[in-house]
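What follows is a group of structures, each given as structure tokens.
Note that subunit A is present in both complexes that follow, paired respectively with subunit B and with subunit C.
After this line comes the complex of A and B, so read on.
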């Protein structure tokens, strides 16, 4: 690695600067020279063409939060299976099934967590 | 031994702790409401089994998992310490959990998970593995800090710890990324070889090292990253505070030593002054702030900051006797602080009401054994002769002098004198003042009594017979050759 290798990033820096200048110039131009005729219809929230009903800032049940967290947990588990499947042959050289058992262990651990939250009623919406 | 089995041996303590943690989680889901005390027993058994598994790990002292994990005397030393701490914390917290009506299952599972993360930190030989360990232990700690869900102080503690802690781990991770960017490796032994071969650390490398120091400095609660400590320690349930002050601190110092001495050891001029300045700041801020505290938990929180400063002095000595002194002091400090916080737990009364220093008035006549143990702990923290704290400070002092750092040595001595004021203040209140309102402390339960007894014996025993522990610490320090 050359001592001046930070300079390899110079094009990136120039690119960022150029992007900021161009975007800033365009936005300020439209503010400066653009027409503005605001009306009630135009300043309403855009909801795919339907007239908006009520306020978007309504309180909603905190249970959604729990469900979302749990979903992410098991979603990540599922995503993790893809790279594992891709290198499955390399993980199991010859006739050994080491890679298979390792993944089995991983899923069993997550299953333990699943059983726990099921029994604790975290999936029960009416609690 | 097949390679896979050999790898599993070197992580045996971690695997055992995790296994028992999962067992508790599943058990908690099926046990009836009245049978949860079984989980606490499983927890203690699990921590003891993990401690026993350290001997399994000692059968395979080498690199494992393609060099990501390193099992050597140093990692065995710290793993032993971490699991001893876990056992003691569990013993000291059972009555507290019952008294406060807190669930037993999750608590013990989280303690085991936190301990397993710390054990990973103690044996990690690569920055990303270290990061994983750091996260495992931190996330469990965040939950534990907020374990008294109905108490707003506990929530405050958890939120502060979580926000600042995740910020700090991000620093650590960014630092690791920069080190990788500068060298193309995150393995500490490879880094070491680069420096030994004469490679000069470039600016990116320095920045990476600095950010790693920031991240670990936060976890170890050293100045100027100590601001969160008193609030988090005060709000967390007291047994959890006992853990925070001992376990994660030990693990953070283990990682700090491992990274600085193995990774950056041959380039120690890069980090020496950072550690030097941090040591001085930590000692003075910790001790001076502790002077004005009226809450015992906050006072001991500042005291724990000050002790992190003493440990940094040993690190700044950059020598084998320095590391040996650091390890010895870490054991003594962790056990003694654990004992002191267990007594605070015991005297806390429902809702943690008795936390003011004045609330300890007259303890000497009402519960002499408790007051006696507390006195031993405070005197050991202060560093009075015949206690282990004295020898620990002496070893650090000695290593600083041998490393030609008289300035640090003098400041260490000055801070011990400042510390005397607030430690002795509590001793004075316990023995020489009478309470305004009559009170009777709750009787000492078996668990709390055992922790008090064992840590007090350790505080005196390691002071009178330092040989075995110091030998182990010296051997551990030699792992970095």
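After this line comes the complex of A and C, so read on.
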């Protein structure tokens, strides 16, 4: 890792710092100059104008977990596709189609899982 | 002092570029809200902002000041640290992506040192763009959780699930571009799109002779609409069901920060779409002397705009407007003159075309908002998983096959 390679990232770091400073400044400025007269009613959670009933942090639908799990599955697939796409021309030297068939096999295996999920109804939100 | 400058010139110039880009982006976001309100209003036969300044031009400033001075109650039982962290994360992440966009081909010289027209030149800039866009889900999820209120929690759950689902389509649709250009660097991706197809069309990735990435672009744009929570995918903010979604409990400038983050994300997504699919800074006209007159297009546009502003401004109904609007027109005329200078003219070509493309996409965003109704939640999830994902995957397979068939013979 040469120093010039690392110095490519220095401007990005400066930009991230600048963005954080802008966001932090706006956040603290509104806290500093904002009007403030707290009361018990004001700090209640909004529930269409009536007093909130029960705790907000209740159990919620398990489908959201399912979406998260499926996302991880298919996002890993996307992560594998990126380096493959990057070296695609080197994977198929001359007339060979080896790189293409390998990825096709991988996609077909994943597609089998995808069809299974579809048939099981994991992709239907209404079930 | 001189030695110190020489040693840190690289960092100082970067700092200068960062300052310029962040300031322009923030102003752009502010006026994007004005632009959206105006355009949607005219689509619905209304006038939109009219009262604050001529043509309502001071409206974004007035809104900003009002947001700053508003009371900001924190809901009882809220997780205070996370409650403050969420808008901070949203805005700072949304402002970051623009650092990786290349604005032009050449180099400009500042203080006698030449530097490229982008903040960070990184060989994996595409991956970093995706890293930033996928982190944006944290702002939404944390905001809903920290508020300790039912509507925000439901809104943020929906929103996170939606953003996760459409992120798949977003990442998959770009694999075709990586296949075509064989690189992760946004600058090289743009450079690979030079030339023409059939002598007329620019050789942008949407018109690529190997495999036109039209389907890839459509998938990308739809997923981008969902990622930025815009109509028709604005379910997290579905007023009729969830009050205001994940930011129901936010007031004052924290509320404004979520909006700024949304508009900043719109700008950067438009920039990424133009770079990946529409040739970034490249002009739509072929690169030959017959089309050299197009170099004066930015100057001509600015001049026409300036003259229009002066003519209309002198007849404006308020006294302030009769002064302010012609002055704005004069500034535009001055800008036109600067753009026509031989030293400046070639340098601004890249930024001009990239900004025009970004502006076009922003208009499409607003246009869609003025046209389409909102999706139902189950339709939204079904579309993401059952249409977008397989279609973008098929696009990858077909693109790779066509590359092999057309390049191996």
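List of remarks:
One rule holds for everything that comes next: the second predicted complex is superposed on the first by the 71 of 127 C-alpha atoms of A that agree within 3 Å, B and C clash if a C-alpha of one lies under 4 Å from a C-alpha of the other, contacts with A are read in each partner's own complex, and residues count from 1 in each chain.
Methods note: a residue touches a chain if its C-beta (ideal position, glycine included) is under 8 Å from a C-beta of that chain, and two chains touch if they have at least 3 such contacts.
This structure is a prediction, so every number in the text was calculated from the model and none was measured.
Applying the stated contact rule after C-alpha superposition, one finds that A:8 touches subunit C and leaves subunit B untouched.
In the superposed model, A:75 lies in contact with subunit C only, and not with subunit B.
Applying the stated contact rule after C-alpha superposition, one finds that A:64 touches subunit C and leaves subunit B untouched. When the two complexes are overlaid on their common chain A, residue A:119 makes contact with subunit B while staying clear of subunit C. Once the two structures are overlaid, the count of subunit A residues touched is higher for C than for its counterpart among subunit B and subunit C. Residues 118 of subunit A lie at the contact with subunit B in one complex and at the contact with subunit C in the other.
Taken together, the subunit A residues at the contact with subunit C in this complex read 7-12, 14-16, 18-20, 22-24, 26-27, 29-31, 33-38, 40, 42-48, 52, 56-57, 60-61, 63-64, 67-68, 70-71, 74-75, 78, 81-82, 85-89, 92, 94-95, 97, 100, 103-104, 107, 111, 114, 118, 123-126. Of all residues in subunit B, only 4, 22, 25-26, 28-30, 182, 184, 202-204 touch subunit A in the complex they form.
The residues of subunit C lying in touch with subunit A in their complex are 10-11, 14-15, 17-19, 21-22, 26, 67-77, 84, 87-88, 91-93, 95-96, 98-100, 119-123, 127-128, 145, 147-154, 157, 160-161, 164-165, 167-168, 171-172, 175, 178-179, 182-184, 243, 248-249, 252-254, 256-257, 377-378, 381-382, 385-386, 389-390, 393, 396-397, 400-401, 403-404, 407-408. Every residue of subunit A that touches subunit B in the complex is listed here, in rising order: 1, 3, 6, 98, 109, 112-113, 115-116, 118-120.
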